[in-house]
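Given below, in the form of structure tokens, are the structures.
Next come two complexes built around chain A: one with chain B, the other with chain C.
For the complex of A and B:
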């Protein structure tokens, strides 16, 4: 990983840049209006930062999942199969996406800045539930990634096009859910629960009275996603033929 | 004369590659549509009512975003990762012994995907029209100016991509370069926010770089925010950048190639 130092910094820098550009975008939008569907600049930064943090964790710890398509296409999964350790974890840990480091650093700054300005009534319970929600959000994100990468076991194309498309859908979760049409809101809440990777947890943080249910539903969605994600990946591995294409 | 046959061969192979991996291609298109959906939603919310921002109302903004999607789709199927990987693992040495010009060969390959890319843009435009209603269409001189502006988009994008790949002689990895380029160009080209809405210093940076010529120029001309003499001026800037990037790429290649080491293994 540290073999090529310049590349390390290049990837971190790319991650940093990506988040800063996102921030510049929000800045340009909120230079024009006070609030977007009830979300102030501070709150929108919190939402964006939370989503970016959650998205940045997956390249840092699970980036190898993206290699599933290539491993299946080349018939290279054999190594992982003979080792006595879950295949999914071997694949997911086989690569570290350092752009995630840049993502997480900027996202943490955004969250910190926004929390210091946002109107949140803090209590030990807020911190505890907030931590549970964050872990749940990361779990959902990684589970969806695992499931969408596992589709390669069926498609057998060398590239993770499907996972990429699903990943792009996830970027919609960085904005207030209500700006999207009903159909899209439904998809993001029920079909592929990206709304629970940022929108609902942050809504709870900002207004726990109105979004009390989010604190309960988010961990449940996380557990469900995790079980489903692992199952789909496992099903895929059982379908693996080792022949390559 | 025979060399043109060779370039045509590369063009045809690359066009067939796109057809062979249809599924990847269409999933890539889907992946390109989704960010546009969030931009549509955000600008739609911002421009509801009779508001206009940066000189654009909602009808213009929709057209602007569609042109942005179109310019973003062009050369999306181009194998810049393939070129980068061949440089990174040393197989580029085999390309160098072939009796064709390296840069022209890659350009011919890039053009191979354009047919399918235009088809995808056409289909997505139809989808947007069906879902959200008719889209603004430029007429007469403005339409001609738009076509003139679009003509430079492909060679410009190619120049930027090719130069990024050339940097692979100095790094061991392309992903970081790719993301850095995509991110910088998203902001400075006007793809994310019309350049007029950026802070002054970013506008200044954008003004001295080629990215705005790829997206902002054709999009602003399409929606009629820029016309007449000013449009011609911007098109001339595009042409200058196209020529400059082509020769800059040639020069950069000549320097970079000296660093080529082939280890294999």
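For the complex of A and C:
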């Protein structure tokens, strides 16, 4: 990870820049309107920051999953399969996406700024449930990544085009779900549950009375996603053919 | 119970059939056709603890596929593999603890890390106690001379350095059985001798070895049992000495005689041997079955005709046998 030091700083900087561009976009929107489907600028920044934090954690610890397609195509999983350690963890830990560090730094600042201004009644329970929701959100995000990357075991193509398309959908999770059409809302809630990586957890934080169920459903969705993601990945590993004869 | 028990092991790969060129690729997109390729077919194999088995065969015979099946890297189409009672692909993690694997063509070292970091990662993955790790590293260093390459990043290693490091990486956790697929490929003579010496030590310490190689010197140095595979089937399984006794019986004796002797008179005196005249006068090559005629008997038959100035004996090599098998000239059992 620290083999290439200039690369480290460039990637962190790239992550920072990307987040700032997103924030500038959000600012431009709110320069025109007071609220977006009931979301004030502060709340929208909190949502955006939460989603970015979740999305930044994933490259930091699980970016190796993106390499699945290449490893399958090249037959480079041979050694991973003869080590006494889960293949998925060996692959996910094989690379650290340092742009995630930039994401996480900016996202933390956004969350901090928004929390200081937002109207939230804090209690120990809020902190506890908030932490559970954050962990659940990261789990969902990583599970979707694992499942979509595992498709490479069937496709055997050297790139992750499918996984990329699926994960691009995840960027929609940074905005209030209600701004999308019914079909897209359904997809983001049920099919690929990106709505649970930010929208529902933040909604609970802002209005626990109305969104009380989000605190219960989000961890359940996370557990379900994790089981499914790991299952799909392992099903894929069994199809692995290596390379050569 | 045998350490490795393989029964009826078969692996079939499905391969797309495409006509050449872009047109062929397009047609395959609309109406895909596939063909089954059997890489390994009904292989039966038993390996006892402590055995050193050479697994040889021509390119594409199914050697590497067998090793991948035995290590659980790929899942068999049919048949059963048991390694110390475990099924390698079902009990993958438990099996991984007891086996060491080296693919000479690939490295398991982390490309961007110094060799030492790769070793410590593996140590932690296998949970090797620190004292044991240090003792093993010391031993590896003695035979494989690892000391100087430990701080080097893997991508900067020469082939010989890489192979030595990879051997150590494969055996760091002290496996019961080591599958070594071409561990001497592309190595210079000095490194190759070092690797062979290391493998002999490993065998003498009781590690079971399955060695896949094209280098017949490796086999003769390390193994006592030979398994030959061709087109996915095992065509020979027996002791190396037995192969030699059965199929490598020809001993060639090159003679330089002091005076020219007619070929016919030499042949007359050696009725059981094949005698061929060489380029120079008085030069002959006598080929005998080493179980029927000793070199001494040949010499004493020649001596009454002329004095022997020079004498050279070519012992039969396992190489000749295998070359004949590959070329289809010899059918074993």
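The criterion applied here is as follows: the second predicted complex is superposed on the first by the 243 of 245 C-alpha atoms of A that agree within 3 Å, B and C clash if a C-alpha of one lies under 4 Å from a C-alpha of the other, contacts with A are read in each partner's own complex, and residues count from 1 in each chain.
Definition applied: a residue touches a chain if its C-beta (ideal position, glycine included) is under 8 Å from a C-beta of that chain, and two chains touch if they have at least 3 such contacts.
Note that this is a predicted model, so its numbers are computed, not measured.
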Could you classify chain B and chain C on chain A, in the superposed arrangement, as clash or fit? fit
Is A:79 in contact with chain B, with chain C, with both, or with neither (first, second, both, neither)? second
Chain B versus chain C as contact partner of A:122, first or second or both or neither: neither
Tell me which partner A:175 touches in the superposition: chain B (first), chain C (second), both or neither. first
In the superposed arrangement the C-alpha centres of chain B and chain C open, at the centre of chain A, an angle in degrees to the nearest 10 of 90
Dominant contact partner of chain A by residue count, chain C or chain B: B
Touching A:21 in the superposition: chain B (first), chain C (second), both, neither? first
Output check: A:238 vs chain B and chain C. Expected answer is one of first, second, both, neither. What do you get? second
Across all Cα pairs of chain B and chain C, what is the smallest distance in the superposition, given in whole Å? 6
Going by the contact definition given at the top, which residues of chain A touch chain B in one complex and chain C in the other? 3-4
Complex interface listing, chain A residues touching chain C: 3-4, 76-79, 81-86, 94, 238-242, 244-245
For the complex, give me every residue of chain B touching chain A. 21, 23-25, 27-28, 30-32, 34-35, 37-38, 41-42, 44-46, 53, 170-173, 175-177, 179-180, 183-184, 186-187, 192-193, 197-199, 202
Tell me, which parts of chain A touch chain B in their complex? 3-4, 6-7, 10-11, 13-15, 17-18, 21, 24-25, 27-29, 31-33, 36-37, 98-99, 155, 157, 159, 161-162, 164-165, 167-169, 171-172, 174-175, 179-181, 184
Going by the contact rule at the top, pick out the chain C residues touching chain A in the complex. 13, 39, 59-60, 62, 64-65, 68, 71-75, 89, 92-94, 96-97, 99, 101, 103, 105-106, 108, 110, 112-113, 122, 125-126, 153
